[in-house]
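Before I ask anything, here is the structure I am working with.
Should a chain be cited, it is by its letter among A, B and C, assigned in written order, with residues numbered from 1 in that chain.
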Amino acid sequence: MKIDISWRFVRVWQRNLAVYRTSWKINFLPPFLEPLFYLIAFGVGFSGLIGNIRYGTTQVSYVSFIAPALVAINIMNNSFFESTYGSFVRMYYQKTFEAMMATPLNAEEIITGEIVWGATKAVIGTVIMLVVISFFGLVSYPVALLIIPVSFLGGIAFGAVGMCFTALVKTIDLFNLPVFLFVTPMFLFGGTFFPLAGLPVWAQQVALILPLTHLVNVVRALNYGLFNSDVVIGIVYLAVFSLLTMPFALSRMQRRLIK
Amino acid sequence: MKMDISWRFLRVWQRNLAVYRKNWLINFLLPFFSPLFYLVAFGISFSVFIVNIRYDANQVSYISFIAPAIIAINIMNNSFFENTYGSFVRMYYQKTFDAMMSTPLNTEEIITGEIIWGATKSLISSVIMLVVISFFGVVSYPAALLIIPVAFLGGIAFGAVGMCFTSMVKIIDLFSFPVFLFITPMFLFSGTFFPLTGLPVWAQQVALFLPLTHLVNVLRALNYGLFNADVLIGICYLVVFSLITIPIALFKMKRRLIK
Amino acid sequence: MDNDQTLIKATNLKKSFGDFVAVREISFTVEKGVCFGFLGPNGAGKTSTIKMIYGASPVTAGDLFVFGLDIKTQARAIKSRIGVCQQENTLDPDLNVLQNFEIFASYFNIDKKTAQDRTMELLHFFALEQRRNSKVAELSGGMVRRLIIARALINQPELLILDEPTIGLDPQSRHQVWDKLEALKQQGLTILLTTHYMDEAASLCDELVIMDNGTILAQGSPQALISKYTGHHIIEVTEPGPDLVKYIQGKDVWQENLGHRLIIYAAEEHDLYRDLCSRFANKDCLLRSASLEDVFLILTGRELRE
């Protein structure tokens, strides 16, 4: 399989940015309001029910425990849904890719541009969320600033795996399967709303194979101002995950677009 | 405003059922797995952290507290998303309504058929979820069987309000607004994952204006085998809510479809 | 009603969208058994007119009677007797071909057995039986169009309405569609269509209406229109020299000077062609039959439309 990517993929990225900017208000509000709602719900509502959580060797407040998880979930959602539903609509309904392929752009550049765009949305959402969460006094600067480049890496990882699914689904409804069997379990069991220690041992081990668990670990550690083994392991995992999923996504999408 | 609805709306309902049956496997699996995941995540894992909840005059387990809420959320999601994204795609991209309008069907019948279909989806998935949840021993029969007709009523309510939004959005992306400003807050703050008493008083009062709060109240009471004031008030609320939103939906969609 | 051969009668029919008037008080009648065409450029008001006839768009002013019934009050009764083929692809992509027909038939309350029988007949007529289990996404443009027309016939309508029936189709598909429409006309079906293809209007329509800017510019059969507006033959001279131009101008003939081209209408009424050829030995002097396109351009002008 011959992969040939030039800088031209940036044009695809620019096209998506142009569209984003025309409807920026719609695109800005959700990443602003959503973490606010979840934080209030879980922070205020649950605080009556849940005491402090044990993290590492310390006790932390429940709100500070879930805030970074919300950031990680946002990274996953932004990039995964952009490279599944977003790309599929562009490819199948709007025929955007078809138009692009009649130009010097090739399939690999289109897909790379799409994945990088998904990661970009993840970064934008992360920056907004970090600002919001900072007002709750839950963020340890300056180490937490490292969350921003990590969000790009996480965005690439989830964008690439999303694109793999986009290459495979025949109709848009079939995205329900990876959403319910992959994204939702990770959303619930990735050490997000409660520590992994709350799960049976076998489940904890399964969780460690999944990307969101590692993204949450990294973001949570960085948010507490720690740069520990969790961070290193998590970053390495996400890099390897991306290196495996991207070529697969590129080659399958190339096959799908060029018949 | 002249409304003219004949039994023909059933044809629209039948069309949607025919499509649903083609993908029955996916349509069946999702309402099966989804409550399973949420119950396990919140019910089992959270229960390590949450002691029993105070409901009425009793202490109940957390898992029995959230199980009916998960069904209520499912009712809301099924009908709301079917009558927003689902109907919009049929109307705008597939031109299905255009084809129907050249036959003896009129717009009121098309929209009625769509809303009833949304409620039917809520009904089907609620039955599946009740069966699943029963295996956790958190359902009190026979009072809980009343959840089934209530699911249909809830489906009508959320479907009709969804259809109101469908009559207003110019492009499909604009659904983000009602999803993030209406659905998500209800998902978090309607006494779903924690009791309303965990919120400040003003917030509790706002919650009582929202449909999901009442649907959760009714289902939770019925699930515990109670037929109390909550149930009556909730059902009345949902009926009134439907009686207001259905005519608005019919009127506005008629204006949108016939120019 | 005028007589029981009149299927559609429109009187001072008007359609406006806010301030914009799409159809300006037009009147026309369509007789049973003819193929009636609305010809005109984009934005002429053809689709707006047709949408009023099949009840998808309310009439702003004027009267419109179909089958002797008033569209304003008896739309449902009218719709059960017509078949409509829209310009867009309105087939249901979630269903296969057979199911598309069955579900559509149910909107007319046709029972399942009858629907199935008619579906097979229609698929056979349009040479698409082998596609009955195909998904809509797998079909070519020509097949989609034939299926939409076929589907519009499921209720055995008395009137078939087609909005731009062959737009975007390749020549083979276009001719197939025309053949089928001819065959249906032979069976007694009244057909109403809109088009901006001159050849389609000329070959299919018995009666035509040429529309522009919401008004009817001309009405009649293709041959009658040609006779009246351009004559049957036209001489076209490319790059006419100034002597030729002066010569023609001195003659009492109907002409149009476009600079790089000189057009002479109703050439059959004069022995002009031989005359020009012998006098000016102009090799780019062409004698040809007039077509609807010439009529159209005379009536609607040659400038580009917005």
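Details
In this section, a contact is a pair of C-beta atoms (placed from the backbone, for glycine too) under 8 Å apart; a residue touches a chain by one contact, two chains touch by 3 or more.
Keep in mind the model is a prediction, meaning the values are calculated, not measured.
Leaving out subunit B only, the groups of chains that stay linked by touch are A | C. Comparing per-chain C-alpha centres with the mean over every protein C-alpha atom, the closest match is chain B. If each chain is reduced to the centroid of its CA atoms, subunit A and subunit B end up 28 Å from each other.
Subunit B and subunit C have Cα centroids lying 48 Å from one another. Centre to centre, using the average C-alpha position, subunit A and subunit C are separated by 53 Å.
Within the complex formed with subunit B, the residues of subunit C that make contact are 17, 54-58, 75-76, 79-80, 82, 84, 86, 88-95, 99, 103-104, 106-109, 152, 155.
Subunit B makes touch with subunit C in their complex at residues 8, 11, 14-15, 18-19, 22, 94-96, 98-106, 258-259. Those residues of subunit A lying in contact with subunit B across their complex are 23, 26, 29-30, 33-34, 37-38, 40-41, 44-51, 53, 93, 173-174, 176-177, 180-181, 184-185, 188-189, 193-194, 198-199.
Chain contact summary for the complex, subunit B toward subunit A: residues 23, 26, 29-30, 33-34, 37-38, 40-42, 45-46, 48-51, 53, 93, 173-174, 176-177, 180-181, 184-185, 188-189, 193-194, 198-200.
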